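Two complexes follow with subunit A in common, the first pairing it with subunit B and the second with subunit C.
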Partner chain A sequence: MRVSFRRIRTALAKEEFRRAVFVVAFLTPFLVTLIVIYGLPSLLCFLMSLTDMGLNFQFNWLTPPWYNYIKIIQCEDPYIPEVFYTTLLYVGATLLINSPFALVLGIFTTYNIRRENLSAVLRLLWFLPRMTPVVIYGLLWQWFADPYVGPLAKIGQIFGLRDVYWLLDKPYSQILMIVVNGYVGASWGMIIFSSSVKCIPLELFYAAKVDGASDWAVIKNIILPLLKWPMLFVTAWQTLSLLGSYVQILVIWDGHALTSGTEVWSLYSYDMAFRSYEFGYSAALAMVIVVVALGLIALYFKIFGFRRMLEPSRVEV
Partner chain B sequence: MRKVKDKPLIYLFMALLALFFLAPFTWLILSSVDPKADIRFRIPSSITLNHYAKVLTGRTFTWIVNSSIISLASATLATLLSVLASYSLTRYKFKGREALVDFFVILRLMPVMVVVLPIMIIFARIGILDTLFSVILLETALELPFSVMIGSSYFETIPTDFEEAAMIDGCNRFLAFLRVTLPLSLPGLVTIWLLAFVTAWGDFLVPLFLLRTPDKFPVSVGIYMVFGEHGTVNYGLLSALSIIYSIPVLVVFLLMRKYLTKGIAGLAIR
Partner chain C sequence: MSKVSTYREAVVKAKVRSIVGTLIVYGVVCVPLVPLLLMYGWLIVQAFSGRPVEWLLPNQPTLGNWYFLTKPIEFGGTPLFPVSFWRLVLNTLMLALGTAGLVVVIASLAGYAISRFDFKGRDPLLRSVVILHSIPGVLFLIALMYLLNSLGIYGKGLLTMISVIIIKAGIESPMYTWMLKGFFDSVPWELEWAALVDGCSRFKAWRSVVMPLIFPGIAAVSVFAFLSGWEEFILVYTYITDERYFTLSVALDRLIGAFRFINYGVLAAFGLFYLIPAIIFFILTQKYLTTLRIIAYKG
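And then the complex of A and B:
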């Protein structure tokens, strides 16, 4: 049978066309949803940030259009320095707590605890805050930090701390803000580290034990160096997540965040929109977070190779 | 790896810390069956199920129904859209595919305020603000990037041989996907659906932004609004509602425990 080159080419072109139609048909609903829900609103948010939009939802353009940004940069809004400082404290301190703590938890529950069932139960217990709906989590912290009957008040009394309003008095309120978010973050990081430790071939541990290595030596010389990428990933991801997160603070400190020193940037943006009804200014505050987040992502891509951190073979042996 | 000698001190430390954090949940459970429940931690002298009965009637029951509608609908929609997208992303290499994947990662990290503020205005203009539909729509979109990441990871593990065999036997591309790949990827689909369900069930911000009428609230916003309503807090009712509200999430996580520790972290990273 004689098959012409032209017929093969036509058949291949047809197959290529069918393939393209298939990809477009399957991807379109998803991409349309993303453009409508993410793309369009992000553009609108930027436009809103150039207006003094209030409750009437009218686009009244400011002169100069970037006035809201000037207001932020030149601290014409007197709360900006405090909010900025609180955000730095929140992101920095929470990261300092949850990443190392998650690492310790991940290694202990996977390497040090021998019984699989027990380590699974312990991991599950630590995962409780992540499983708990955020309002319940907030409610439980309010109970825990109640100044009269909460367990924290009882513990505080042992150390001579009486009549402390844990959620309102600085620096306790700020410490609690960090612990509340660090605890949730640690449980997430623990799962990442725990599964990464499980990816390490057992032979490495056996060889180390045969050579007489102690547990600490195994952790220091085998586990920690192999967890380099997961550690970078957890830290990078947590930094970006923390920048835009505020829901726990909103639920627990409802309306008292500014007075208790727990008003982070994204919460301030929320408050400007839904308590002061300054939608234009709120959009500008939100755009600042986007710019910072995009800058950090670009930095991660450049310095660490963010994509490399996201690859499946994260534990390189 | 786990052949190392157990350390009693480590057990003790971990158990104490876990116990410390379990105390609030114990308070919640005890308060829910205590007829005189208040903010204090106390062992109830008698046990009642009245709080649970009250939760399952009236306004709180409407909230549970609303939460169920929102979660079921958005999880199903997100699964459907993400399966189609992740299948085409993993099976076909095309220009810009890598950039698209990077874009999902960036989307996952966008502050929700950037999206929600304008969405509120758009929804108000088209008249769907303060409807369950608006919440379902936004929840679906917010779940999509993560669902696509999980879906893509799952489809990558399924060999293309079966599809190719089906196509040789006369199936077209779509039928091969429908009859061969989809049934093979069922565990992955269930995972996507369950995670999307749990996310929507526990979400607080989206319904808080989009809903105004108390009868349309899901449980998350309902609890937040009822806490301290009329100047007093009914701790018994609040605890019972909190426990009922937490049950679906706990069940889902228990069902997925094995997968969570073994695989989900890897998927979540991607």
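And then the complex of A and C:
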């Protein structure tokens, strides 16, 4: 009897071992990627931010080590206030398009436009900017805002805006920056909201209709309260995305971003690294985004709870 | 009588209200689409026009803008790229296929393990996917520049290209792992149990029972990863200095620098060629867009 127990135990241990090997083998590529592509660069970037690394790629430690951060906080770099203001404007204003406007789009294309084919086509069109490679998207806007052949200049003239260079003159360039990125972000929120509206049980709509509610009343009293969580999720996620995004601006305002008021924080960090070759300082600029984003995530975790954060399209009924 | 007239009034009011409501709905959804339609329409019309196009009217229809398919693109008498256009396409394909392949391998292995096994550190691993979103793209570029440089891989042609593929796949894989985990979750446990009871090894159960069942998920992930490799700009722009390994995105960026204001025709034709795979794949997979949870890397 004891022998067979031992046998079972060994068999179980063997099975346990096999299972562990299996899990390790399956997770290894993923974990290696996480460490090499995410972990190591984050650590390196932090260490680089404590140096004045230039093109020689030497770790020359600064005294005090956090000198780069002091330089940022005390605005010893004269561009910092402007870059900060631009980033604030960019994130805040684009968020309005990416979140509340996306909400309107999501509701309208799902609830109000009831012909499924038509609303699918409309959603598809709204998705175009997201699916378009960034360089082509940049080319399209460069043509659209071209002072000689682009339609924007001609439309502007109708409204009395003569000799305006939409890409270079503030505040027009900044409006353009917001709109350009708004188009890319709006579709993402739209899809999340649209699938959330689809999750609402139809009985609720039937009941409201039987009671004589108008479409507006249905949206205000049924849909909006139920979309509270998706709304918070999209806003939270998009804030983080916007803080780190800069490629569209880099492509469209190649080299002119500072003079046209479109130099956002991430782009400034990129320019510092790959145009001025101040890798140490640019690493510090990038770390500032990480700190701000981590702060926001901590706040979101507190508001949402972990589970909710990971279930964006859930609707509670 | 008065009752009838009030009733009529009410009906008219309701009709007006519904018309106004419809106008608002379609106005809000469709009017902002006009600039987009103008832009994409322009891209198509301009690609086949010899002179600058205004308001989508073809101007001197021609196929001349497409000369880059057979001849090198020249600017001021000297070729802009040391390689042919098709080599650029090949480079882009290499980046896209490499990214898709690596992502599918990493995500289908890890997605399964995370979906099926309870192990130490599983929760922090799940949490990390959200926290990773706090790391801005520019941070990778700066830190990996140092790494590539100290490993002697920066500016080395094919070697740099391979590292760009690995970096791209690495950046993308957490969100696709997340996506595939969702697909694995939807496969009932019983199927694997049945396979295990019948004497399958775990690996065989994964390969022959579960993987075929989540084929749509694998297909969607491959297409999305392929497209994001096909569209990649900033990694190639920053790291690849050897022009023989340029991709279409960086080549188009250089073309814009050279031909903007001078010849929009070539730019539009080049752009249209580059855009086509994205649009085709997009239309083929668009039904997934409404059912899948898409985690966005860009804005």
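Remarks
Everything below uses one rule, namely that the second predicted complex is superposed on the first by the 298 of 317 C-alpha atoms of A that agree within 3 Å, B and C clash if a C-alpha of one lies under 4 Å from a C-alpha of the other, contacts with A are read in each partner's own complex, and residues count from 1 in each chain.
The working rule: a contact is a pair of C-beta atoms (placed from the backbone, for glycine too) under 8 Å apart; a residue touches a chain by one contact, two chains touch by 3 or more.
Here the structure is a predicted model, which is why all the values come from computation and not from measurement.
The superposition on subunit A brings subunit B into a clash with subunit C. In the superposition on chain A, A:I200 makes contact with subunit B only, while subunit C stays out of contact range.
Look at A:W216: by the touch rule set out above, it reaches subunit C but stays clear of subunit B.
When the two structures are aligned on the shared chain, A:Y270 is found in touch with subunit B and with subunit C. With both structures placed on the common chain, the touch criterion links A:F26 to subunit B and to subunit C.
Touch criterion met: A:L242 reaches subunit C, while subunit B stays clear of it.
Looking at the shared chain after the overlay, A:Y69 reaches neither subunit B nor subunit C. When the two structures are aligned on the shared chain, A:Y172 is found in touch with neither subunit B nor subunit C. Touch criterion met: A:N181 reaches subunit C, while subunit B stays clear of it. By the touch criterion defined above, A:L128 reaches both subunit B and subunit C.
Overlap of the subunit B and subunit C interfaces on subunit A comprises residues 18-19, 22-23, 26-27, 29-31, 33-34, 36-38, 40-42, 44-45, 48, 57, 108-109, 112-113, 120, 122-129, 131-136, 139-141, 143-144, 146, 149, 151, 183, 191, 194-195, 198, 215, 237, 240-241, 243-244, 247, 251, 266, 269-270, 273, 279, 282-283, 286-287, 289-290, 293-294, 297, 306, 309-310, 312. In the complex of the two chains, the subunit C residues touching subunit A come out as 17, 21-22, 25-26, 28-30, 32-33, 35-40, 42-43, 46, 52-55, 105-107, 109-110, 112-114, 117, 119, 126-128, 130-147, 149-150, 166-167, 169-171, 173-174, 177, 202-203, 227, 230-231, 233-234, 238, 248-250, 252-253, 256-257, 260-261, 264, 267-268, 271, 274-275, 278-279, 282-283, 286, 289-291, 293-294, 296-299.
Within the complex formed with subunit C, the residues of subunit A that make contact are 18-19, 22-23, 25-27, 29-31, 33-34, 36-38, 40-42, 44-45, 48, 53, 57, 94, 98, 104-105, 108-109, 112-113, 120, 122-136, 138-144, 146, 148-149, 151, 181, 183-185, 188, 191, 194-195, 198, 214-216, 237-238, 240-248, 250-251, 254, 266-267, 269-270, 273-274, 279, 282-283, 286-287, 289-290, 293-294, 296-297, 306, 309-310, 312-313. Of all residues in subunit B, only 1-7, 10-11, 14-15, 18, 21-25, 27-28, 39-41, 81-82, 84-85, 87-89, 92, 94, 98, 102, 105-107, 109-119, 121-122, 124, 137-138, 140-142, 144-145, 148, 153, 173-174, 201-202, 204-205, 219-221, 223-224, 227, 238, 242, 245-246, 249-250, 253-254, 257, 260-266, 268-270 touch subunit A in the complex they form. Listed in rising order, the residues of subunit A touching subunit B in the complex are 18-20, 22-23, 26-27, 29-31, 33-34, 36-38, 40-42, 44-45, 48, 57, 108-116, 118-120, 122-129, 131-136, 139-141, 143-144, 146, 149-151, 183, 191-192, 194-198, 200, 202, 205-206, 209, 215, 218, 230, 233, 237, 240-241, 243-244, 247, 251, 266, 269-270, 273, 279, 282-283, 286-287, 289-290, 293-294, 297, 306-307, 309-312, 314.
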